[in-house]
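Before anything else, here is the set of structures, which you'll find just below.
Note that subunit A is present in both complexes that follow, paired respectively with subunit B and with subunit C.
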Partner chain A sequence: MSSATVTTPLPRQALYLAWRSVLRTARQPIIIVPPLVFPLFLLAINASGLDAATSIPGFPADSYVAFALAFPFIQGSIFATNTAGTNIAEDIGTGFFNRLSLTPMRGSSLLVGQLTGVLLIGTLQAVAFLGIGLAAGVEIESGVAGALVLFVLSLAICAAFGTIGLFAGLRTGSGEAVQGLFPLMFILLFLSSAALPRDLIAQDWFQTVATINPVSYLIEGLRSLIITGWDGEALALAFGVALAIFAAGLAGSTAALRERLVRT
Partner chain B sequence: MESRDANALSNGDRSTAARDNGIEVEGLVREFKKGPRAVDGIDLSVSRGEIYGFLGPNGAGKSTTVHMLTTLLPPTAGTARVGGHDIIREGAAVRDVIGVALQEAALDLLLTGREHMRLQGGLHGLSPTEIKRRGDALLERVGLAEAADRRVGGYSGGMKRRLDLALALVHEPSILFLDEPTTGLDVQSRAAMWDEVARLSNEQGVTVFLTTQYLEEADSLADRVGIIDLGRIVAEGTPEALKAEIGRPSVEAAPADPGDGERLAAVLERFGERTPAAPDQVAVRLSDGTQELAGVVRALDAEGLRIGNLELHAPSLDDVFLTKTGRRLEGAGEEEETGEHVLEPVPA
Partner chain C sequence: MSRRSRYLAVVRTVAWRNLHSAVRSPALLLPALIFPLFFYMAFAGGLSAVGDLPGFDYYDYNAFQFVFVLLQSAAFGGVFIGFSIAADFDSGFTRRLFLAAGDRSAVIAGFGVAAVIRAAFVWVLVFAIALATGMEVAGDGVELSGLLGLALIINVAFFLFAAGMMSRMRTLQAAPAMQLPVFLILMTAPVYVPRDLLGGWIGTISEFNPMTAIIEAGRGLMAGDPFHVALAFAAAAALATVLFLFARTGLRRAEAAG
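Entry: the complex of A and B
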């Protein structure tokens, strides 16, 4: 026998790992359905319970559904954190990670591959949330081009949160630890401008927290496309925050992966 | 190493072995925090095409050694070359020439056997055509052709092990590491695995480093055996040579009345020196071989000793382990895990 191995180009490795990630995702309804159903469920509750908020002077939309439609995009992205982190933690726990480590796999391919599965869910979510919003009568003020930007921004947010999940999964190697992040992320979501515009939040401390909470800027960027039209500042902040989270998550994941891939 | 057999290689031969798709290990050590040395300065050498059986109880250091040799775990000290490549400085080159099936058949339960092949082959840089050709051939060879498109979650333990072996071979490695490949398998699956490992070595010249806690596996499959205990190699050689080192058979008996142990020992000691035995039993290595068995029976009868159990043991690798460590191989791991080293004293 002779060794036939050649160094696989990074995109090809990433493609194989992404293919696996997509297969795994597609074969686990349990990780596809909750990110689709729960955000819509919460949207329905919020829209029915907080509809009266539209009569508050200065409220920026006539329809609370339109105002709150950004909420499920973010909530769905939080599920992405969970999915990405638990998948990699499971690979570490089962020893599959060792199998991958014994191939010429590069760490960056693994990260790209795992994130691809997350983006698949993100795509399904974006299509579902947007479609249901439109069916509920929401008009996208920024038009078709705005809907496309909304789509891109939601995927960027998914990828950003996905890297946080990857970091947690790689760092701890424990699915339970990754799932422990979920409530924390939810707290961040509820302490943001998700339910009301920041200038209409009556409690000072809440307004302060919402202002320093990066999730507010992600929501406001998405929301601006739906209810305002083209708001360059909101979009720049949203993309900037998503990019910053992605960069920090990726740096953390890369470092954790390097530590985890202790192969010589 | 306390003992090396006559077949042990000289330093010059070792280097040749490593260059020639073999394995060469010198003074390999692995320490873990707050623990003893899992591997405590082992030396070994495996030649091309050889099946080397690494035998020892649970916790002896077998898997830690495999993890170091396959580059998954950096050694604390010592050196090793696998296929001519240094495991510390040339990890990627080592991984290129080795195939590995670790103790747990780490498979993705959501993927099919064929999808595993595609992933493994793809990461090793094989073209899609090669992946299909080799994947189909390997799946056929390990008897998984019909199950290839079923998800691994539905495979039996034996099927998972066979798929694991096939995956380890997809890039046609010249050296194969198998970490307890038959643990937990039924007799039939175990035999099939042995056949395949023997075929790889005999027909394709693959060097096999096989860890096992099964005496029979090491005895029947390995060209040479290294016996490891508490991180140290305590004996090494061909199974025949190791057993020949022990030499004579032993007889082991248990009195029907446990109170007769000393009387039983006194009778048996007329026929040879005491050796360690199971609790409540007495064993001696027969000075003149099996021909003394009739005399033993007559002597016991003459003394009026009622015997509950009487066994004649041809020398086995377990005897080798017993002689070198004072313990039987079977059960030794459990003793280590509980921290209770209940050793049968070896009479002076």
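Entry: the complex of A and C
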């Protein structure tokens, strides 16, 4: 083996694996279509079925579509958990991971590379959700700059949930186990302030759960850009929570990767 | 042994095997149990302020959502058995059962009996939790029996749908194709608010959705104020009849495929 191969810098290693991850994602419509279609379907149902909720005194928006537009961004990110986890579990199952571990490839490049495919889906989702929201008549109160921040925040959330998927995939090596995470993540989404603002949730226990639930802050950050304008506190909390999940997920994934390399 | 006894023996064996598997592997039973509870918590808890909207004249938002969750669990209880049918096709077990059974519809009927027993277990638990968390019941025993009767027909109807799908597809990979139509028909009924408060496209679709009549009648029975109950039973029975034919033709295809 040439010394050039051994010393291939980290960014280039990550680039190779990122390109593989992007190609693999792009070649499987079954990975791309559900994360786009299901969130939009639920948005359409909730926006129409809960439109009357805008008549509740103190409801912060005139249109429920605008209020609920943050929901598909988070739901799409939950799909990212599955995609990242299932891909890496598949790599473990097919033996690709074992072959990779025989090369001088660094573990961190593997993680970065796998996340790139997730971010590709995240980008497609953000464009589709934002485009459909605008087509449905939603006005972004924070303007064009706000739309860009919305875009960045949604990718940050996608990456954060992606690391949880990576952790689950590396830890278990089983696609089925990763799929089992989906209902759990879905429960976190529904037990948040996704359907109503926290101050309008009438049941105390639900309000408490929604306040503890980090997903509420992610939704509220995205939503603030759409229906409020610039809300520094909501944005700081959303980016902070996304960063915290990302850091925890990455730390867990790195540890699980190290353990799996030892086993390999 | 008479032909009827042989038929019942196959039904009993298949149902027992399925229930035994569910008890031994709680992972098979948990989704059917957790999802209704979770939806009840999320809808009744998170959206209870919707019950105070002008024009929302139902007596209790918890009970309003409970009826939907009960019927949803009935539908998905039927669908989840489809996973067992598909898994048995995947492993080749159903083919061996078909060879052993004189009348192959007994195999499907056995899964149906298991679906009803599993759904009844879920209903008891969800009902107990709803009562414990403050749901008010305004209907009397007869009206509640009517509500359970509707849930039972829905459970059987959607089981027949799942059986029809899985005997055609004969693989677990077709599970999403089985769940999506059920999800669609349930969610395009009046889920969160009464039909009068529904606007837009979903208001139009719910007018034609047979589940609308069933859910509205269920809510009427729960409230002790029966409302187009005969129409609801007729819609549920019609749905079950159509899906019975769907399941029967599916079984013929599975038999033909060998």
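We adopt the following convention: the second predicted complex is superposed on the first by the 257 of 264 C-alpha atoms of A that agree within 3 Å, B and C clash if a C-alpha of one lies under 4 Å from a C-alpha of the other, contacts with A are read in each partner's own complex, and residues count from 1 in each chain.
Criterion: contacts are C-beta pairs under 8 Å (C-beta built on N, C-alpha and C of every residue); 3 or more make two chains touch, one makes a residue touch a chain.
Nothing here was measured: the structure is a model prediction, and the numbers come from that model.
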| item | value |
| --- | --- |
| Partner chain in contact with A:Leu23 - subunit B first, subunit C second, else both or neither | first |
| First (subunit B), second (subunit C), both or neither touched by A:Phe96 | first |
| First, second, both or neither for A:Leu50, with subunit B first and subunit C second | second |
| Per-residue contact with subunit A, leading partner among subunit C and subunit B | B |
| Set of subunit A residues, in rising order, touched by both subunit B and subunit C | none |
| Interfacial residue positions of subunit C with respect to subunit A in the complex | 31, 34-35, 38-39, 41-42, 44-50, 52-56, 187-188, 190-193, 197-203 |
| Subunit C partner contacts - residues on subunit A that touch it in the complex | 44-45, 47-53, 55-56, 183, 187, 190-191, 195-196, 200-203, 205-206, 210 |
| Residues of subunit A touching subunit B in the complex | 1-8, 12-13, 15-17, 19-20, 23-24, 27-28, 94-105, 262-264 |
| Subunit A partner contacts - residues on subunit B that touch it in the complex | 70-74, 87-89, 91-92, 94-98, 100, 102, 104, 106-108, 110-111, 115, 118-120, 122-126, 130, 151, 167, 171-174, 204-206 |
